[in-house]
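You will see two complexes here that share chain A, one where it goes with chain B and one where it goes with chain C.
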Partner chain A sequence: MAASDAPYIFLTLIAPFLAAAIAPLLTRALGHWAALPLALVPAGIFAFFCRALADVQGGQAITGGYLWVPSFNVSYSWLIDGLSLTFVLLISGIGALILLYAGGYLKGHAQQGRFFSFILMFMGSMLGVVVSDSFLMLFIYWELTSITSFLLIGFDHSREASRRAAIQALVVTGGGGLALLAGLILVWNMTGVSTISLLIEYAQAVKASPYFFAALLLILGGAFTKSAQFPFHFWLPNAMEAPTPVSAYLHSATMVKAGVFLLMRLQPVFGDTAAWETILPVFGGATLLAGTVIGLRQTDLKLMLAYTTIASLGLLVMLTGFGTPHALESAVLYLIAHALFKGALFMVAGAIDHEAGTRDITRLGGLWRAMPLTFAAAMLAALSMGGLPPFLGFLAKEEVYEALAGSNPRAIAFTLFAIIGNGLMFALAFAVALKPFIGTERDLPGGHHGAAAGAETGAPPSALPGISPSRGEIGKRHTPHIHEAPALMLIGPLVLALAGLAAGIFSDAFHATFSAPMASAIAHEQRSISISAIPHLSLPFLLSLATVALGVIVYLLLDRAREAAAAALESIGWGPDQGFDQAMRGLVRGSYIITRRIQTGRLETYVMVTFIVIAAALLVPMTTFGEWPAAPLWPVDAGFHELMVFAIAVIGLFAVVFAADRLTAIVSLGIQGFAVAVIFMLYGAPDLAFTQFMVETLSVVILALVMTRLDLQPSDHRHGFERLKDAAIALACGAGFAALLMRAVQVPFNNTLTDFFNQWSKVVAHGTNVVNVIIVDFRGTDTLGEIAVVTITGLAILALIRIRVSGDVKPADNDPERSA
Partner chain B sequence: MEGFMSVIVGIFFAVAIYLMLSQYIIRILLGVAILGNAVNLLLFVAGRVTREVPPIIGKGADALPASAANPLPQALILTAIVISFSFFAFLLVLAYRAYQTLKTDDTHQMRLAEPEDAAEPPLGY
Partner chain C sequence: MAKPKPARAPKPDPAEGQKRSPMRRGMDTLIFRTMAPYLTALMVLFSVFVLLRGHNQPGGGFIGGLIAASAFAILGIAQGVSAVRRALWFDPTAIAAAGLTVSTLAGLMSLAADVPFMTALWVFPNIFGTEVALSTPMLFDIGVYLVVTGAITTVALALEEREDD
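The block that comes next holds the complex of A and B.
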């Protein structure tokens, strides 16, 4: 790909968003067949980027971009190397299949267009994450994937479980995104570079920095939440509330791998350090074990797959940080294999749910006759997941053991983890792919055609078949005719499962095209992979045999194993999932209590706090910075008439305070107002004086009009301590303003603006009254604003006077349940 | 002269704020009216005061004499007077209507927006 391709790359990166904009319209016109034209978008992206495969073969990268905010040195720039490209092809390729699948799965759903739109937006965000070079662009796309994931999990927003799962995913992954942002900014400050391609050159500087550990923890916070690592794993199973195409696409094949992607991307920067090689394997290993053990107890197909996804992500994190030869290569192989087989298995689970009406493994059986093609796809995917030759999963597992096996205690411990984890995943793979299809045929609720997948309830075993009218066809629900899934829903699982087989058989070409460039990009040095599907006697092969043996035993004893896992987990009881609920409830209660404490509902309190803060803001800085004014001198040049006007103003003020009846108060208010007007007159401001006279007269007249209609006493109702306290606050504020003003007039006056107006009023604006010229000419727009304010106030007053509310006013009702 | 006037401005502020700290709307309104004057005087004094020469350019001259008052704060205050008056008038009518509806001008009894027995928010999702 040449540099001249930059506009096309940019176009492919925004194409999913453009498609998302037209998806609802297209769906309105074409119904579920809109999936076909929409799938052309990711298919086109897939084809476009296939051309780039040759360019990254040797570990090179395609870079490019545009300046975005030049003043902050922020760019919209991409870095497409083996790692990005593999992800891009997975996202666009699986994305196209998922769109087709969703076309069949949600056929007839009222919001199918919205669903397509969300999926395409997610696709665009995810593409952005994996090609981003600039930190800021990475962060924005990262959070966009969290937001689109929120929209997709909460797609069926009329159910509380969906809403809860959506909020939970958003809080966990969005919160992690903020940690990532902090980490990236820290790295930016440590090195001064804001793109990943440059950062790799500064790896030594990062490792030597005293902030290395803080930056690592923050970035791991982002990666671990996104990739559902223990103890942040709990949001992923709940995200299974989303329609199955979402589970297959976001929550197994792509989005949850964003965390792993980030770790791989930053491996050259943070890798090869003690912290990296301790934290990643320990958390990854814990996630692997927790995922498989909790997965064992599940009976819902999707939940079983969700927990194995967590386990696989744990394995990937463990391998990324393991630091031995072959570790990165095995992570690459396992990542690609997992995206293929897990995506296929999720689609199979969705197809079973769609046709049989349940995903409960204890109620399913004998479906192979009715759904042979689905069964075939399931078996192909399960064989890859179980790690049997000649599938890609087998290559991955051999490489994993090649990387882990060793004679030191660390290697032995993690090899043991991997054997247990892989063995249990083997059992779960076949539990999902085999159990529903073999055995006796059962009495099943039947598919839900037309009404579509409205209820992603996780199929609790207690639910009676056919009790909900949206499920099954009323009248013949006891003898449902279960048949093969529609073609749109078969393409996806079959293609993905066959891809896993083809990659395993043609391993040399696969390594040369995908896995070796990806591993080279991660390691930032040339790597080659040679593992093939032909079994050869070696330590990894023996470990594989042990894994398969463990898997077969657990599969045969699945019901007993489930009970054991359930008992073990129940003895623990509390988990982070409950912890999330407790934290959210605590947050609501805590903010309620704080709000009640701060917002007492008494205006007096609010006003008091406001003025205490104002007094402090005036007095404290003056004291801290030693800016108190010099004591004012008695104005010896002041004439007697001037002093008398000031005295009248002050007398008027105190008369208002001490007025015992309303007439005195109004008249006193008038006195101080007219005194102010006279002050303006005395000191060369006749315009102000006239305006003030007019306004004060109007104020007194209106006030008198209103006050005489109300039976109110303006006298002071406060007593003793309250009066003293308020007087103290008022005096502090008054002293503060007086001191501020004194200090202000004691510094030299800056004449610039005044001189400007003096000089140009007559010459330029042709007016002799400078004040008028400023108002109507120099600052004409301000005056327009002022007129607008007066007009709006007048209208508001008119509205208040004319509108009569009928009936009693009830207290505000904030409870949506009651007001509905 | 400005120093002395600063003290007067301080008294204006203190009285306005003392009135506004009351729990009765009518005293708060009186305080708001005085606060407007206090702020106008603050602006006026901050622009320095001169005696009796308005900022008007005489016949034949092209600019103001040095003894003339500073026109800038006057322009600002002119705007401020009008705005504070319309604000005052609006508050007055608001208080009047509130009294008509609620039969009180005691802010302690005006709890419509923040009722004393407000229910805890729902804890679900």
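The block that comes next holds the complex of A and C.
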């Protein structure tokens, strides 16, 4: 690819968003067949980026982009190397298959167009994440994947479980995204560079910085939440509430790998340090074990797959940070293998659910006769997941053991982790891919077609054995005829499973094209991979045999293993999933208590607090800095008429305070205001005087109208202490303003602005009224803002007046305990 | 936003005055009711005059708008809100919104002339032998006038409005 390709790259990056915009219309016109033209978009992206494969063979990168906010050095720029490219091809390739699958899976669903739109938006966001070079662009796309994931998990929004799962995923991954933003900004400040391609050159500066550890933790916060690492893993199983195409695409093949992607991307910067090589393997290893053990307990096909996905992500994180030769290579191989087999297995699980009407493994059996092609795809994927030759999964597992095995305690410990994890994953792979198809045929609820296809039979995350999802009784009324999944739903799993087989057989070509450039890009140095599917007697092969043996044993004893896992987990009792609910409840409760305390709903309190703050803001600084004004002199040069106006103002003031009823007080306030306006006029501010007259008039009229409207008691009801307190606050405010004004006129007057406006008002703005020229010309933009405020205030007041409160509504009556 | 209510003859009910607010009762004199339309018309005329002279002498859109709003408030007190709504023809919120639009457009016009937003543009056409100064600041000021008139009239009329009006 050449530099002249930049516009085309940009076009491919926004193409999914454009397709998302037309997807609903297309679906209205073509029904579920809209999947075909829509799948052309990711297929086209796939084909376009295949052209770039040759350009990144030796670890080079394609960069380019556009300036976005030049003043902040922010750009829309991409970095496409072996790592990005492999991800781009996975996202677009699997994306095309998922669109076809969704066409069959959600056939007849009323919201299918919306679904296509969401999943295309997600695709565009995910593509953006993996090609971003600029930090901010990465962050924006990163959060966009969280938001689109939220929309997809909550797709079936009429069910509460869906909504909860969607909010949980958004809070966890979106919150992690904010940590990532903080981390990236910290790195930006440490090095002064804002693109990943440049940052890699500054790796030494980052490692030497005192903020290294803080930046690392923040970035890991983003990566671990996105990739569901322990203890943030809980959102992923709940996300299985989403329709199965979403689980297959976002929550196994692509989005959850964004965290791993980020770690791989930053490996040259943060890698090769003690912190990196401790935190990543420890958390990854913990996730691996936790994922497989909890997965063992499940009976729902999708939940079993979800927990093995968590385990696989843990393995990937562990390998990325392990730091031995072959570690990165094995991570690369495992990542690609996992995307292929797990995507296929999820689609198989969806097909079983679609045709048989349940995903409960204890109720499924004997489906191979009815669904031979689905069975074939499931077996091909499971063989890869189990790590048997000649599948890609086998290559990956050999390379994993090559990287981990060693004689030091660290290597032995993590090798043990990997054997247990891989062995349990082997068992789970065949539990998902084999159990439902073999054995005796069962009495099953039968397929759900047509409009009902959209509703998921999602069991709750803590699905107990024996409790089967909803549709059981309904299906039994007619004899179910279970048959093969439609063609649209078969293409995806078959293609992915066969790709895993092909990659294992033609391993040399696969390494040269995909895995070696990707590993080189991650390591930021030339790497080559030579592992092939031909079994060869070596330590990794023996460890593989041990893994398979463990897996077979667990598979045969699956029911007992499930009980053991359930018992072990029940003895712990509490998990982060409940913790999340407790934290959210605490947040709501805490907000409520604070709001109750601050927002009493009594206008008197608000006004009193406001005026106390104003008085303090005026008086405290003047006292602290000794800036009290000098006592004013008696205005000796004031004429008699001027003194009279002063006197009227003071009389008005007393009239307000001693007025018998409220209406008199308001009108008396007008006396005082008019007197001030006259003072303005006498002392050379006609514009101000003019405005003051009008404002005073209108204030009196509006205040009087408000008074009559509110039906207040005609006279003041305050007495005793309350009167004294309010008088003190009023005096403090008044004294503060008076002192401030006196102090302001006692400092030497700076003439710059006056001179400027006097000089230029007539010349530039053709006006002699400087005040007005400032309002409409020199500072016109300010005025525009002000009149917008005036308009909005008018509307707000109108809304307030129009509110009709009926009954006795207490203020702030929104106690979460009661409303819940 | 309430639509202007249909025209309706004043209620002949003699007891009506008793139900009204103290303020309305106090102001409800024959002289005031008769004079109010003329006073309002004069004030609106004056407000336009104040608006237009603003560039060179005390005045401008803000003050003009306040005067016009007081004029409508007075008419509302004297003859009821529906009379004002009929006389205004447009809803006061719509007047405020139109003013904001006019002011924004006045600022945007400078973009068409390839100068930064809100840069003043002037033309001096010769109409019937008189040189008339027309400018975007003037248009802007008219927008300010309409916003202030509309927003304050909205508030005043809403406050004057009663269920029985």
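One rule holds in what follows: the second predicted complex is superposed on the first by the 662 of 820 C-alpha atoms of A that agree within 3 Å, B and C clash if a C-alpha of one lies under 4 Å from a C-alpha of the other, contacts with A are read in each partner's own complex, and residues count from 1 in each chain.
Everything below uses one rule, namely that a residue touches a chain if its C-beta (ideal position, glycine included) is under 8 Å from a C-beta of that chain, and two chains touch if they have at least 3 such contacts.
Please read these numbers as outputs of a predicted model, since none were measured by experiment.
Asks: A:T783 in the overlay: touching chain B, chain C, both, or neither? Say first, second, both or neither.
Replies: Touch status of A:T783: both partners.
Asks: Counting only touches as set out at the top, which of chain B and chain C does A:I594 meet: first, second, both, neither?
Replies: Neither partner.
Asks: Once chain A of both complexes is superposed, is A:G794 in touch with chain B (first), chain C (second), both, or neither?
Replies: Both partners.
Asks: Touching A:L18 in the superposition: chain B (first), chain C (second), both, neither?
Replies: Once the two structures are laid over each other on A, A:L18 reaches no partner at all.
Asks: Could you look at A:D687 and tell me whether it touches chain B, chain C, both or neither (first, second, both, neither)?
Replies: A:D687 sits against chain B and chain C alike.
Asks: Applying the touch criterion given at the start, work out whether A:R709 contacts chain B, chain C, both or neither, answering first, second, both or neither.
Replies: Both partners.
Asks: Looking at the overlay, what does A:L741 touch: chain B (first), chain C (second), both, or neither?
Replies: So A:L741 only meets chain B here.
Asks: With the two complexes superposed on chain A, say which partner A:A616 touches: chain B (first), chain C (second), both, or neither.
Replies: neither
Asks: Between chain B and chain C, which one contacts more residues of chain A in the superposed model?
Replies: Partner touching more chain A residues in the overlay: B.
Asks: Applying the document's definition of touch, where does A:A47 land relative to chain B and chain C: first, second, both, or neither?
Replies: Once the two structures are laid over each other on A, A:A47 reaches no partner at all.
Asks: So which bits of chain A does chain B touch that chain C touches too?
Replies: 686-687, 691, 695, 698, 702, 706, 709, 768-769, 771, 775, 783, 790, 793-794, 797, 801
Asks: Applying the document's contact rule, which stretches of chain C touch chain A when the two form their complex?
Replies: Where chain C meets chain A, its residues are 1-2, 21-24, 50, 54-63, 66-67, 69-70, 73, 77, 92-93, 96-97, 99-100, 103-104, 107, 117-118, 120, 122, 133, 135, 137-138, 140-141, 143-144, 147-148, 150-152, 154-156, 158-160.
Asks: For chain A, which residues are in contact with chain C within the complex?
Replies: Spelled out, the residues of chain A in touch with chain C are 663, 686-687, 690-691, 694-695, 697-698, 701-702, 704-706, 708-709, 764-769, 771-773, 775-777, 780-781, 783-784, 787-788, 790-791, 793-795, 797-798, 801-802.
Asks: Would you tell me which residues of chain B are touching chain A in their complex?
Replies: Those residues of chain B that touch chain A are 1-15, 17-24, 26-30, 33-34, 37-38, 40-42, 44-58, 61-64, 68-72, 74-75, 77-79, 81-83, 85-90, 92-97, 99, 101-102, 105, 107-108, 110-116, 118-125.
Asks: List the residues on chain A that touch chain B in their complex, please.
Replies: By the definition above, chain A touches chain B via 160, 163-164, 167, 584-585, 588-589, 592, 596, 599-604, 607-608, 611, 629, 631-635, 637-638, 646, 649-650, 653-654, 656-657, 662, 665, 669, 672-673, 676, 679-680, 682-688, 691-692, 695, 698-699, 702-703, 706-707, 709-710, 712, 714, 716-718, 726-727, 729-731, 733-735, 737-739, 741-742, 744-746, 749, 753-754, 757-759, 761-763, 768-771, 774-775, 779, 782-783, 786, 789-790, 793-794, 796-797, 800-801, 805, 809, 811-812, 814-817.
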